[in-house]
Amino acid sequence: MAADDTTLAWLEDLEALRRLPQRYARAIDARDIDAVAALFHPDGRVDGVRGSASVTDYVAGLRAAPSTFTTSMHVLGEPLIDLAPGADTAELDTYAVVYQLGRADDPDAALTLGIRYLDEVVRTEGAWLIRHRRAQALWTRPG
Amino acid sequence: MAADDTTLAWLEDLEALRRLPQRYARAIDARDIDAVAALFHPDGRVDGVRGSASVTDYVAGLRAAPSTFTTSMHVLGEPLIDLAPGADTAELDTYAVVYQLGRADDPDAALTLGIRYLDEVVRTEGAWLIRHRRAQALWTRPG
Amino acid sequence: MAADDTTLAWLEDLEALRRLPQRYARAIDARDIDAVAALFHPDGRVDGVRGSASVTDYVAGLRAAPSTFTTSMHVLGEPLIDLAPGADTAELDTYAVVYQLGRADDPDAALTLGIRYLDEVVRTEGAWLIRHRRAQALWTRPG
(Lines give C-alpha, C1' and ligand atoms only; values in the text may rest on other atoms or scores of the structure.)
Protein backbone atom coordinates (compact mmCIF):
# COMPACT_ATOMS: atom_id res chain seq x y z
CA MET A 1 0.00 0.00 0.00
CA ALA A 2 1.04 3.58 -0.49
CA ALA A 3 1.86 5.53 2.66
CA ASP A 4 -1.48 7.36 2.51
CA ASP A 5 -3.43 4.13 2.25
CA THR A 6 -1.59 2.72 5.24
CA THR A 7 -2.41 5.83 7.27
CA LEU A 8 -6.04 5.74 6.21
CA ALA A 9 -6.34 2.07 7.20
CA TRP A 10 -4.65 2.87 10.53
CA LEU A 11 -7.16 5.62 11.26
CA GLU A 12 -10.06 3.31 10.41
CA ASP A 13 -8.61 0.68 12.73
CA LEU A 14 -8.36 3.19 15.56
CA GLU A 15 -12.04 4.04 15.16
CA ALA A 16 -12.95 0.35 15.28
CA LEU A 17 -10.73 -0.20 18.32
CA ARG A 18 -12.19 2.80 20.11
CA ARG A 19 -15.65 1.26 19.77
CA LEU A 20 -14.66 -2.00 21.47
CA PRO A 21 -14.67 -0.85 25.11
CA GLN A 22 -17.80 1.25 24.55
CA ARG A 23 -19.60 -1.74 23.03
CA TYR A 24 -18.49 -3.81 26.02
CA ALA A 25 -19.95 -1.20 28.38
CA ARG A 26 -23.32 -1.13 26.60
CA ALA A 27 -23.47 -4.93 26.40
CA ILE A 28 -22.57 -5.65 30.02
CA ASP A 29 -24.84 -2.88 31.32
CA ALA A 30 -27.72 -4.35 29.29
CA ARG A 31 -26.81 -7.83 30.65
CA ASP A 32 -26.66 -8.88 26.96
CA ILE A 33 -24.18 -11.74 27.37
CA ASP A 34 -24.28 -12.70 23.68
CA ALA A 35 -23.17 -9.18 22.82
CA VAL A 36 -20.39 -9.40 25.44
CA ALA A 37 -19.24 -12.77 24.08
CA ALA A 38 -19.10 -11.37 20.53
CA LEU A 39 -16.35 -8.94 21.60
CA PHE A 40 -13.94 -11.63 22.79
CA HIS A 41 -11.85 -14.10 20.82
CA PRO A 42 -13.15 -17.64 21.48
CA ASP A 43 -9.63 -18.77 22.41
CA GLY A 44 -9.08 -15.75 24.61
CA ARG A 45 -8.52 -15.28 28.32
CA VAL A 46 -9.90 -12.88 30.95
CA ASP A 47 -7.94 -12.12 34.08
CA GLY A 48 -10.71 -10.41 35.91
CA VAL A 49 -11.68 -9.04 39.25
CA ARG A 50 -13.02 -12.48 40.14
CA GLY A 51 -10.02 -14.53 38.98
CA SER A 52 -8.59 -15.84 35.71
CA ALA A 53 -10.64 -17.78 33.18
CA SER A 54 -10.83 -18.75 29.52
CA VAL A 55 -13.30 -16.68 27.51
CA THR A 56 -15.55 -19.73 27.35
CA ASP A 57 -15.64 -20.03 31.13
CA TYR A 58 -15.86 -16.26 31.59
CA VAL A 59 -18.94 -16.08 29.38
CA ALA A 60 -20.48 -19.16 30.98
CA GLY A 61 -19.91 -17.53 34.36
CA LEU A 62 -21.72 -14.38 33.23
CA ARG A 63 -24.67 -16.46 32.04
CA ALA A 64 -24.82 -18.54 35.20
CA ALA A 65 -24.31 -15.88 37.83
CA PRO A 66 -27.20 -13.67 38.74
CA SER A 67 -25.92 -10.14 38.92
CA THR A 68 -25.60 -8.95 42.50
CA PHE A 69 -26.78 -5.50 41.51
CA THR A 70 -29.80 -4.76 39.35
CA THR A 71 -28.24 -1.89 37.43
CA SER A 72 -24.74 -1.07 36.30
CA MET A 73 -23.17 1.78 34.35
CA HIS A 74 -19.65 1.37 33.02
CA VAL A 75 -18.38 4.89 32.32
CA LEU A 76 -15.17 4.62 30.32
CA GLY A 77 -12.52 7.15 29.49
CA GLU A 78 -10.99 7.33 26.06
CA PRO A 79 -8.75 4.25 25.64
CA LEU A 80 -5.03 4.72 25.17
CA ILE A 81 -4.49 2.65 22.02
CA ASP A 82 -1.17 1.23 20.83
CA LEU A 83 -1.45 0.11 17.24
CA ALA A 84 1.38 0.07 14.73
CA PRO A 85 0.26 0.94 11.18
CA GLY A 86 -0.67 -2.29 9.40
CA ALA A 87 -0.49 -4.45 12.54
CA ASP A 88 -3.06 -7.11 13.35
CA THR A 89 -2.73 -6.82 17.10
CA ALA A 90 -3.14 -3.81 19.39
CA GLU A 91 -3.12 -2.91 23.06
CA LEU A 92 -5.88 -0.89 24.72
CA ASP A 93 -5.55 0.67 28.15
CA THR A 94 -8.93 1.96 29.35
CA TYR A 95 -9.88 3.58 32.63
CA ALA A 96 -13.39 2.91 33.86
CA VAL A 97 -15.61 3.95 36.71
CA VAL A 98 -18.28 1.33 37.27
CA TYR A 99 -21.45 2.29 39.11
CA GLN A 100 -23.32 -0.68 40.57
CA LEU A 101 -26.79 0.07 41.86
CA GLY A 102 -29.65 -1.64 43.65
CA ARG A 103 -29.60 -5.06 45.22
CA ALA A 104 -32.49 -7.45 45.52
CA ASP A 105 -32.31 -7.32 49.30
CA ASP A 106 -31.41 -3.63 49.50
CA PRO A 107 -32.53 -1.32 46.68
CA ASP A 108 -30.44 1.51 48.07
CA ALA A 109 -27.20 -0.46 48.04
CA ALA A 110 -24.58 0.90 45.72
CA LEU A 111 -20.95 0.31 44.94
CA THR A 112 -18.51 2.29 42.81
CA LEU A 113 -15.35 0.74 41.41
CA GLY A 114 -12.34 2.20 39.64
CA ILE A 115 -11.20 -0.35 37.07
CA ARG A 116 -8.39 -0.41 34.52
CA TYR A 117 -8.86 -2.67 31.53
CA LEU A 118 -5.68 -3.75 29.78
CA ASP A 119 -6.79 -5.45 26.57
CA GLU A 120 -4.73 -7.26 23.99
CA VAL A 121 -6.83 -7.32 20.85
CA VAL A 122 -6.40 -9.15 17.59
CA ARG A 123 -7.81 -8.70 14.09
CA THR A 124 -9.87 -11.78 13.34
CA GLU A 125 -11.67 -12.20 10.02
CA GLY A 126 -11.85 -8.45 9.61
CA ALA A 127 -13.04 -7.65 13.13
CA TRP A 128 -11.11 -6.71 16.25
CA LEU A 129 -11.60 -9.05 19.20
CA ILE A 130 -10.26 -9.04 22.76
CA ARG A 131 -7.84 -11.97 23.09
CA HIS A 132 -6.60 -11.17 26.56
CA ARG A 133 -8.22 -8.85 29.08
CA ARG A 134 -6.71 -7.95 32.40
CA ALA A 135 -9.18 -6.07 34.58
CA GLN A 136 -7.61 -4.43 37.62
CA ALA A 137 -9.83 -3.07 40.38
CA LEU A 138 -7.93 -0.01 41.60
CA TRP A 139 -10.43 1.03 44.24
CA THR A 140 -13.92 0.31 45.56
CA ARG A 141 -16.28 2.58 47.40
CA PRO A 142 -19.69 2.08 48.90
CA GLY A 143 -22.35 4.44 47.51
CA MET B 1 -16.18 9.53 -4.73
CA ALA B 2 -13.42 6.99 -4.71
CA ALA B 3 -13.39 4.55 -1.80
CA ASP B 4 -10.52 6.41 -0.13
CA ASP B 5 -12.34 9.72 -0.35
CA THR B 6 -15.42 8.18 1.22
CA THR B 7 -13.35 6.81 4.08
CA LEU B 8 -11.60 10.13 4.58
CA ALA B 9 -14.93 11.96 4.70
CA TRP B 10 -16.26 9.36 7.14
CA LEU B 11 -13.30 9.90 9.47
CA GLU B 12 -13.78 13.66 9.31
CA ASP B 13 -17.45 13.22 10.15
CA LEU B 14 -16.59 11.07 13.16
CA GLU B 15 -14.33 13.82 14.49
CA ALA B 16 -17.09 16.38 14.06
CA LEU B 17 -19.63 14.08 15.73
CA ARG B 18 -17.29 13.35 18.62
CA ARG B 19 -17.12 17.08 19.33
CA LEU B 20 -20.89 17.49 19.63
CA PRO B 21 -21.40 16.03 23.13
CA GLN B 22 -18.23 17.72 24.41
CA ARG B 23 -19.41 21.09 23.06
CA TYR B 24 -22.75 20.48 24.75
CA ALA B 25 -20.98 19.82 28.06
CA ARG B 26 -18.92 23.01 27.85
CA ALA B 27 -21.94 25.09 26.81
CA ILE B 28 -24.34 23.83 29.46
CA ASP B 29 -21.70 24.02 32.20
CA ALA B 30 -21.00 27.64 31.21
CA ARG B 31 -24.77 28.32 31.18
CA ASP B 32 -24.23 29.60 27.62
CA ILE B 33 -27.71 28.86 26.29
CA ASP B 34 -26.98 30.31 22.83
CA ALA B 35 -24.13 27.82 22.50
CA VAL B 36 -26.43 25.00 23.64
CA ALA B 37 -29.12 26.05 21.15
CA ALA B 38 -26.58 26.10 18.30
CA LEU B 39 -26.05 22.34 18.73
CA PHE B 40 -29.69 21.40 18.16
CA HIS B 41 -31.75 21.36 14.99
CA PRO B 42 -34.45 24.06 15.24
CA ASP B 43 -37.12 21.47 14.38
CA GLY B 44 -35.70 18.95 16.83
CA ARG B 45 -37.01 17.37 20.00
CA VAL B 46 -35.57 16.71 23.45
CA ASP B 47 -36.95 13.93 25.63
CA GLY B 48 -35.20 14.94 28.77
CA VAL B 49 -35.02 14.27 32.43
CA ARG B 50 -37.73 16.89 32.91
CA GLY B 51 -40.10 15.66 30.17
CA SER B 52 -40.44 15.94 26.41
CA ALA B 53 -40.26 19.23 24.52
CA SER B 54 -39.51 20.74 21.14
CA VAL B 55 -36.04 22.24 20.86
CA THR B 56 -37.64 25.68 20.86
CA ASP B 57 -39.38 25.00 24.17
CA TYR B 58 -36.36 23.20 25.59
CA VAL B 59 -34.12 26.20 24.89
CA ALA B 60 -36.73 28.63 26.18
CA GLY B 61 -36.95 26.55 29.35
CA LEU B 62 -33.20 26.73 29.84
CA ARG B 63 -33.32 30.51 29.45
CA ALA B 64 -36.24 30.93 31.81
CA ALA B 65 -35.29 28.53 34.57
CA PRO B 66 -32.72 29.61 37.06
CA SER B 67 -30.34 26.72 37.56
CA THR B 68 -30.93 25.03 40.91
CA PHE B 69 -27.22 24.51 41.35
CA THR B 70 -24.58 27.17 40.83
CA THR B 71 -22.02 24.89 39.20
CA SER B 72 -22.24 21.84 37.00
CA MET B 73 -19.69 19.58 35.34
CA HIS B 74 -20.84 17.17 32.64
CA VAL B 75 -18.12 14.53 32.38
CA LEU B 76 -18.76 12.47 29.27
CA GLY B 77 -17.33 9.20 28.07
CA GLU B 78 -16.39 8.66 24.48
CA PRO B 79 -19.62 8.44 22.47
CA LEU B 80 -20.47 5.22 20.67
CA ILE B 81 -21.13 6.56 17.17
CA ASP B 82 -23.10 4.79 14.46
CA LEU B 83 -22.48 6.45 11.11
CA ALA B 84 -22.57 4.73 7.75
CA PRO B 85 -19.99 6.09 5.27
CA GLY B 86 -21.60 8.89 3.29
CA ALA B 87 -24.71 9.07 5.47
CA ASP B 88 -26.29 12.35 6.57
CA THR B 89 -27.68 11.02 9.83
CA ALA B 90 -25.96 9.31 12.74
CA GLU B 91 -26.70 7.95 16.19
CA LEU B 92 -24.64 8.85 19.26
CA ASP B 93 -24.84 6.96 22.53
CA THR B 94 -22.98 8.85 25.25
CA TYR B 95 -22.58 8.03 28.93
CA ALA B 96 -22.29 11.00 31.26
CA VAL B 97 -21.73 11.64 34.92
CA VAL B 98 -23.10 15.04 35.84
CA TYR B 99 -21.84 16.75 38.97
CA GLN B 100 -24.17 19.45 40.29
CA LEU B 101 -22.75 21.65 43.01
CA GLY B 102 -23.76 24.44 45.31
CA ARG B 103 -27.24 25.77 45.86
CA ALA B 104 -28.22 29.30 46.72
CA ASP B 105 -29.72 28.17 50.01
CA ASP B 106 -27.09 25.51 50.72
CA PRO B 107 -23.61 25.96 49.24
CA ASP B 108 -22.62 22.45 50.31
CA ALA B 109 -25.51 20.77 48.52
CA ALA B 110 -24.44 18.46 45.73
CA LEU B 111 -26.02 15.92 43.44
CA THR B 112 -24.45 13.42 41.07
CA LEU B 113 -26.36 11.90 38.19
CA GLY B 114 -25.62 9.09 35.78
CA ILE B 115 -27.13 10.04 32.42
CA ARG B 116 -27.22 8.35 29.04
CA TYR B 117 -27.71 10.57 26.03
CA LEU B 118 -29.11 8.89 22.93
CA ASP B 119 -28.81 11.44 20.14
CA GLU B 120 -30.07 11.26 16.61
CA VAL B 121 -28.06 13.78 14.66
CA VAL B 122 -28.41 15.14 11.16
CA ARG B 123 -26.10 16.91 8.75
CA THR B 124 -27.56 20.36 8.17
CA GLU B 125 -25.88 22.85 5.86
CA GLY B 126 -22.53 21.20 6.47
CA ALA B 127 -22.83 20.98 10.26
CA TRP B 128 -24.05 18.14 12.45
CA LEU B 129 -27.00 19.01 14.69
CA ILE B 130 -28.95 17.04 17.30
CA ARG B 131 -32.42 16.41 15.92
CA HIS B 132 -33.65 14.14 18.68
CA ARG B 133 -32.11 13.74 22.11
CA ARG B 134 -33.28 11.22 24.65
CA ALA B 135 -31.64 11.82 28.03
CA GLN B 136 -32.13 8.96 30.48
CA ALA B 137 -31.24 9.48 34.14
CA LEU B 138 -29.93 6.07 35.22
CA TRP B 139 -29.17 6.99 38.79
CA THR B 140 -28.95 9.92 41.17
CA ARG B 141 -26.90 10.32 44.30
CA PRO B 142 -26.62 13.05 46.88
CA GLY B 143 -23.11 14.39 47.28
CA MET C 1 -0.19 19.36 -0.09
CA ALA C 2 -3.37 18.29 -1.78
CA ALA C 3 -6.58 18.75 0.18
CA ASP C 4 -6.77 15.03 0.96
CA ASP C 5 -3.24 14.95 2.30
CA THR C 6 -3.98 17.91 4.54
CA THR C 7 -7.07 16.17 5.90
CA LEU C 8 -5.17 12.94 6.46
CA ALA C 9 -2.41 14.76 8.33
CA TRP C 10 -5.06 16.58 10.40
CA LEU C 11 -6.69 13.29 11.39
CA GLU C 12 -3.31 11.84 12.36
CA ASP C 13 -2.61 14.92 14.47
CA LEU C 14 -5.94 14.56 16.26
CA GLU C 15 -5.06 10.98 17.18
CA ALA C 16 -1.70 12.10 18.55
CA LEU C 17 -3.31 14.96 20.47
CA ARG C 18 -5.98 12.68 21.92
CA ARG C 19 -3.23 10.50 23.38
CA LEU C 20 -1.58 13.37 25.25
CA PRO C 21 -4.00 13.68 28.20
CA GLN C 22 -4.32 9.89 28.46
CA ARG C 23 -0.53 9.52 28.56
CA TYR C 24 -0.44 12.20 31.26
CA ALA C 25 -3.00 10.25 33.30
CA ARG C 26 -1.06 6.98 33.07
CA ALA C 27 2.25 8.72 33.86
CA ILE C 28 1.05 10.70 36.86
CA ASP C 29 -0.90 7.75 38.28
CA ALA C 30 2.24 5.60 38.00
CA ARG C 31 4.24 8.40 39.64
CA ASP C 32 6.54 8.17 36.60
CA ILE C 33 7.79 11.75 36.65
CA ASP C 34 10.12 11.26 33.66
CA ALA C 35 7.11 10.22 31.60
CA VAL C 36 5.18 13.27 32.85
CA ALA C 37 8.08 15.57 31.99
CA ALA C 38 8.29 14.14 28.46
CA LEU C 39 4.80 15.47 27.72
CA PHE C 40 5.64 19.09 28.45
CA HIS C 41 7.67 21.60 26.46
CA PRO C 42 10.84 22.44 28.42
CA ASP C 43 10.06 26.16 28.08
CA GLY C 44 6.45 25.64 29.09
CA ARG C 45 4.35 26.76 32.02
CA VAL C 46 1.85 25.07 34.32
CA ASP C 47 -0.80 27.07 36.13
CA GLY C 48 -1.89 24.37 38.43
CA VAL C 49 -4.01 23.68 41.43
CA ARG C 50 -0.98 24.51 43.60
CA GLY C 51 0.01 27.74 41.83
CA SER C 52 1.88 28.79 38.70
CA ALA C 53 5.31 27.45 37.77
CA SER C 54 7.64 26.88 34.86
CA VAL C 55 7.68 23.31 33.57
CA THR C 56 11.15 22.93 35.06
CA ASP C 57 9.92 23.93 38.51
CA TYR C 58 6.69 21.97 38.12
CA VAL C 59 8.60 18.78 37.34
CA ALA C 60 11.11 19.43 40.12
CA GLY C 61 8.18 19.90 42.48
CA LEU C 62 6.69 16.56 41.46
CA ARG C 63 10.04 14.86 42.09
CA ALA C 64 10.56 16.53 45.45
CA ALA C 65 7.10 16.27 46.91
CA PRO C 66 5.99 12.99 48.36
CA SER C 67 2.50 12.34 47.15
CA THR C 68 -0.05 12.86 49.91
CA PHE C 69 -2.07 9.92 48.68
CA THR C 70 -0.66 6.52 47.82
CA THR C 71 -2.88 5.92 44.80
CA SER C 72 -4.45 8.15 42.20
CA MET C 73 -6.63 7.55 39.15
CA HIS C 74 -7.10 10.36 36.65
CA VAL C 75 -10.24 9.48 34.68
CA LEU C 76 -10.44 11.79 31.68
CA GLY C 77 -13.22 12.54 29.27
CA GLU C 78 -12.59 12.88 25.58
CA PRO C 79 -10.72 16.16 25.05
CA LEU C 80 -12.35 18.91 23.03
CA ILE C 81 -9.56 19.63 20.52
CA ASP C 82 -9.19 22.80 18.47
CA LEU C 83 -6.69 22.25 15.68
CA ALA C 84 -6.73 24.00 12.33
CA PRO C 85 -5.59 21.77 9.44
CA GLY C 86 -1.85 22.19 9.03
CA ALA C 87 -1.39 24.17 12.25
CA ASP C 88 1.49 23.59 14.64
CA THR C 89 -0.40 24.62 17.75
CA ALA C 90 -3.65 23.33 19.21
CA GLU C 91 -5.89 23.80 22.22
CA LEU C 92 -7.17 20.90 24.33
CA ASP C 93 -9.98 21.22 26.85
CA THR C 94 -10.22 18.08 28.96
CA TYR C 95 -12.53 17.28 31.85
CA ALA C 96 -11.11 14.99 34.51
CA VAL C 97 -12.28 13.32 37.68
CA VAL C 98 -9.30 12.56 39.87
CA TYR C 99 -9.62 9.89 42.54
CA GLN C 100 -7.01 10.16 45.31
CA LEU C 101 -6.84 7.22 47.66
CA GLY C 102 -5.06 6.14 50.79
CA ARG C 103 -2.86 8.25 52.99
CA ALA C 104 0.13 7.08 55.00
CA ASP C 105 -1.57 8.10 58.24
CA ASP C 106 -5.08 7.07 57.16
CA PRO C 107 -5.44 4.30 54.56
CA ASP C 108 -9.16 4.98 54.25
CA ALA C 109 -8.74 8.64 53.42
CA ALA C 110 -9.93 9.58 49.96
CA LEU C 111 -10.51 12.71 47.96
CA THR C 112 -12.23 13.21 44.62
CA LEU C 113 -11.60 16.27 42.48
CA GLY C 114 -13.25 17.62 39.35
CA ILE C 115 -10.53 19.22 37.24
CA ARG C 116 -10.54 20.97 33.88
CA TYR C 117 -7.27 20.97 31.96
CA LEU C 118 -6.90 23.73 29.38
CA ASP C 119 -3.77 22.86 27.43
CA GLU C 120 -2.01 24.87 24.76
CA VAL C 121 0.10 22.39 22.85
CA VAL C 122 2.77 22.86 20.22
CA ARG C 123 4.33 20.62 17.61
CA THR C 124 7.99 20.27 18.52
CA GLU C 125 10.35 18.18 16.40
CA GLY C 126 7.46 16.05 15.20
CA ALA C 127 5.85 15.51 18.61
CA TRP C 128 3.07 17.41 20.36
CA LEU C 129 4.03 18.89 23.72
CA ILE C 130 2.09 20.87 26.32
CA ARG C 131 3.44 24.41 26.35
CA HIS C 132 0.90 25.90 28.71
CA ARG C 133 -1.39 23.99 31.02
CA ARG C 134 -4.06 25.61 33.14
CA ALA C 135 -5.56 23.14 35.61
CA GLN C 136 -8.74 24.38 37.26
CA ALA C 137 -10.12 22.52 40.26
CA LEU C 138 -13.89 22.87 39.86
CA TRP C 139 -14.86 20.91 42.94
CA THR C 140 -13.46 18.69 45.66
CA ARG C 141 -15.18 16.04 47.71
CA PRO C 142 -14.06 13.83 50.53
CA GLY C 143 -14.47 10.11 49.79
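Chains here go by letter, A, B and C, matching the order in which they are written, and residues are numbered from 1 within each.
Throughout what follows, a contact is a pair of C-beta atoms (placed from the backbone, for glycine too) under 8 Å apart; a residue touches a chain by one contact, two chains touch by 3 or more.
Worth saying up front: this structure is predicted, and the values here are computed from it rather than measured.
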Equivalent interface positions on subunit B and subunit C, same or different at half: different
Cα-superposition angle relating the copies subunit B and subunit A, to nearest 5°: 120
Distance from subunit C to subunit B - Cα centre to Cα centre, in angstrom: 25
Junction residues of subunit A - those touching two or more other chains: 4, 8, 11, 75, 77-79, 97
Contact set on subunit A toward subunit B in their complex: 4-5, 8, 11-12, 15, 18-19, 22-23, 25-26, 71, 73-79, 97, 99, 101, 110, 143
In the complex, subunit B residues that touch subunit A: 4, 7-8, 11, 14, 75, 77-81, 93, 95-97, 114, 116, 138-139, 141
